[in-house]
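My questions will all concern the structure given below.
We just call them A, B, C and D in the order they show up, numbering each chain from 1.
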Amino acid sequence: MALNPWLAIIIWGVIIIVMTGPMLTLPIFWSRRKPDPFRDMPFESGQVPQGEARHRLIMQYYPYLLMFVVFDVVGMFLFAWGISFTKLPLESSAFVILFIVLLGAPLGYALKLALNKENW
Amino acid sequence: MVVFPPTTPAELVALVIRIITSHTFITVVVFPGFIHLTVVVIFLTWYERKLLARIQLRIGPLYAGGPGGLFQPLADGVKLIFKEVMIPYKASKPLFLGIPVLLVFLSALPFAVIPFGQHWVIANIDVGLVFVFAMTSLFPSMILLFAWASNSKYPFLGGLRSLFQQVAYEIPMWISTLSIVLLAGSLNLVDIVRAQQKIWFIVPAFLSFVVFFISIMAELERLPFDLPEAEPELVAGWYTEASGAIFMLIFMGLYMKLYLMSSLVTVLFLGGWWGPTILPQPVWFILKSLIVATFIIIPRGVYPRIRVDMLIKIGWTRLLIIALANVFLTIILIGTGFMTAWGI
Amino acid sequence: MVSLTSYLIVSAALLGIGVYGLSVKRNAIRILFAVEIIVNAANLNFAAFTRYMNPPQVSGQVIVFYSIAAAAMEAAVGLALILVAFRLNSTIDVRKLNKLKG
Amino acid sequence: MVSLAIPSDIAFVILTVVTITAAIMALHAKELIYGAVSLAVSFIGIAGFFALLDAPYLAMLQIAIYVGAIVVLILFTIMLVRRDQAPEIDEQTNSESPVGLWLAGLLALAISGVVALAGASLPTGEPPANLQVSDLGPVLTSQYPVPLIVLALLLSASLLGALVLAKVER
């Protein structure tokens, strides 16, 4: 029977949620919930937490995040070309190879910028 | 005869039998779906404990818990389910409770496209490989959000480390599989395995196997890349605040991801279900995946961890360059007709 | 059977939401959200039209590729600009970023 | 016989509700972080539309690039620009100009009207799909090769531009 594979994926997803959902909702249902400031304190090895928890951000690795966005796009384009590589004549892949080569230079410069710790 | 909607009890029974014996139901619920996945995840927790105990000569895990320690995972599960679900002060409730379920969901969903045998696959879609990558690419944001939601310092630091680490190794992982796509000419995982009937892709694409393996070690936050959960520095990394059922779900999600990645290695490089016909196809597949998982687990007992800036530097300067170079190598190999000699 | 018209109306609704956000919000990041929603509405239109061509073609999908890539780059540069603006003025309220006003 | 073809109408309705609600939530959620999460949900809804439109590769691209990369970048930036403890005062809207709402509503209505009027001349039936994922490569390399090179230049320019912008001036 040819069932649409996407429907099968949806069924699988529903099964996962149906099976794992109770693992979280049931314990919440039967666990004791009385607000207790000491028990609900964030874990800091017994110390009383001080200051804002959410604001120590490391700017140092921000360039890698930018590079990730760029190469995410590149990767997706390369996959779209890669599927039909063997069916295409080799000449038509020249542009894709040029595409990869062109991105080499900015990658090098971005790495140089990112690795220089004085910049961040 | 199956009628919908059923009117008599006999028709209802016929319909139920029809549904239960349908291929979709069996693949979703029994194998390679829910039951198989649960059993393997429980097995993997037991297996990792035993293996590390052998490597590091830890006495406790070798004896604790019934015959061969098999009851230990069950006891853990029961304990975690009946523990209280603690939500830290000022934590973001919907994110803190929702993301563990989503983590399990995201690591279990890609199993729909992993072929455990020629017909043992839930959904045979044409974009299988990209589907797996799209799902795994959601992990960094989930982890960052969970770390942010717990409103605590250690999880937040661990979450940031995890974000940068996964982001740094995702691109080498994708680019290294590009040479597999070039060789097989398809993104469909069933077709990729079929193309390996004569020769496993680990032979023509050994370099990309190395890059892929190192990348998944980093993606899974396994030693020597387990900085996000470095115990001496960050307690338990991004899931420090997780307790009880939340911890159990995260744990399940992580082990499922371990199994997912090892089965992906099997599909892409180790010939999937192919093997001598003395054993059925799924057995070969599971065997290969477990061997890969062993090689992912072993370094945890052997290696120290490296520093976070070194880690990110290796990902971007070494692995990405090697992966890109490997793409060119594969193009040359295919272009010169070297591959056709091997029947690929 | 879903018709082309319904896709176009969904896309128009998304465009409306985007334009609303663009004209009403003051937080620079919200404005970026609105821009992304508008780009998505356009992408949806491309994909719908290319599917309902007779026979269906993939060239519209390829255009969506380029559109998504351009949107990703727009987000990267836009967020970097927001970061710089925050560093210089310590606010991302577009009403207060008025140093160039005479 | 039980008909198990995908009920695309139901999927379409669910996706529409999810996408549009999430898009509104993205602009209206109190916390920016929740706004970003709703934006991600809206993107996933659009990916669902792509899957319905027989463009599965596009759907995966949408999830991987938008949700996997852009949303991460947005989340990180939001966390960077958060003020220490101050409530988000930037969250008010231009209260003196409800014009925006009218403008947007009018625009959406106008477009919908045009679409409804033109509905007769639009193709109605869904032509049978015979699109393959492997059709993308030839179109990409033979029909649109020059945009690919322009895209490489765009990618490099924006990568370097963003990096130079974000780095600390000394």
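Heads up, the rule we're going with is that a contact is a pair of C-beta atoms (placed from the backbone, for glycine too) under 8 Å apart; a residue touches a chain by one contact, two chains touch by 3 or more.
All values derive from a computational prediction rather than experimental measurement.
Enquirer: I want to compare two interfaces, A-B and A-C. Which one has more contacting C-beta pairs?
Expert: Comparing A-B with A-C, the pair joined by more C-beta contacts is A-B.
Enquirer: Go ahead and note the Å separation of the Cα centroids belonging to chain A and chain D.
Expert: 17
Enquirer: So, what's the distance in Å between the C-alpha centres of chain C and chain B?
Expert: 34
Enquirer: Taking the mean of the C-alpha atoms as each chain's centre, how many Å separate chain A from chain C?
Expert: 21
Enquirer: For chain D, what residues touch not just one other chain but two or more?
Expert: 56-57, 61, 64-65, 68-70, 72-73, 76, 79-80, 133-136, 140, 151, 155, 158-159, 162-163, 166
Enquirer: Find every residue in chain C that makes contact with two or more other chains and list them.
Expert: Residue numbers touching two or more other chains: 65, 68-69, 72-73, 75-76, 80.
Enquirer: Which residue numbers or ranges of chain B touch two or more of the other chains?
Expert: Chain B, residues with two or more chain partners: 125, 130, 137, 148, 167, 185-187.
Enquirer: Of all possible chain pairs, which ones touch?
Expert: The set of touching chain pairs is A-B, A-C, A-D, B-D, C-D.
Enquirer: Okay, in this complex, where on chain A does chain B touch?
Expert: 1, 3, 5-6, 8-9, 11-13, 15-17, 19-21, 23-24, 26-28, 30-33, 37, 39-45, 49, 53-54, 56-58, 60-61, 64-65, 67-68, 71-72, 75-76, 78-79, 82-87, 90, 93, 97, 100, 104, 107, 111, 114-115
Enquirer: Where on chain A does chain C make contact in their complex?
Expert: Touch residues, chain A against chain C: 66, 69-70, 72-73, 76-77, 80.
Enquirer: Help me check something: in the complex, which residues belonging to chain B touch chain A?
Expert: Listed in rising order, the residues of chain B that touch chain A are 22-24, 27-29, 33-34, 81-89, 97, 100-101, 104-105, 108-109, 111-113, 122-125, 129-130, 137, 148, 150-154, 156-157, 160, 164, 167-168, 170-171, 174-175, 178, 181-182, 185-187, 235, 240-241, 244-246, 248-249, 252, 309, 312-313, 316-317, 320, 324, 327-328, 331, 334-335.
Enquirer: Taking the touch rule as given, give the residues of chain D at its contact with chain A in the complex, in rising order.
Expert: Result: residues 4-6, 51, 56-57, 61, 64-65, 68-70, 72-73, 76, 79-80, 82, 84-85, 133-138, 140-142, 145, 148-149, 151-153, 155-156, 158-160, 162-164, 166-168, 170 of chain D touch chain A.
Enquirer: Under the definition above, what is the set of chain A residues touching chain D in their complex?
Expert: 1, 3-4, 6-7, 52, 54-55, 57, 59, 62-63, 65-70, 72-74, 76-77, 80-85, 87-88, 92-93, 95-96, 98-99, 102-103, 105-106, 109-110, 113-114, 118-120
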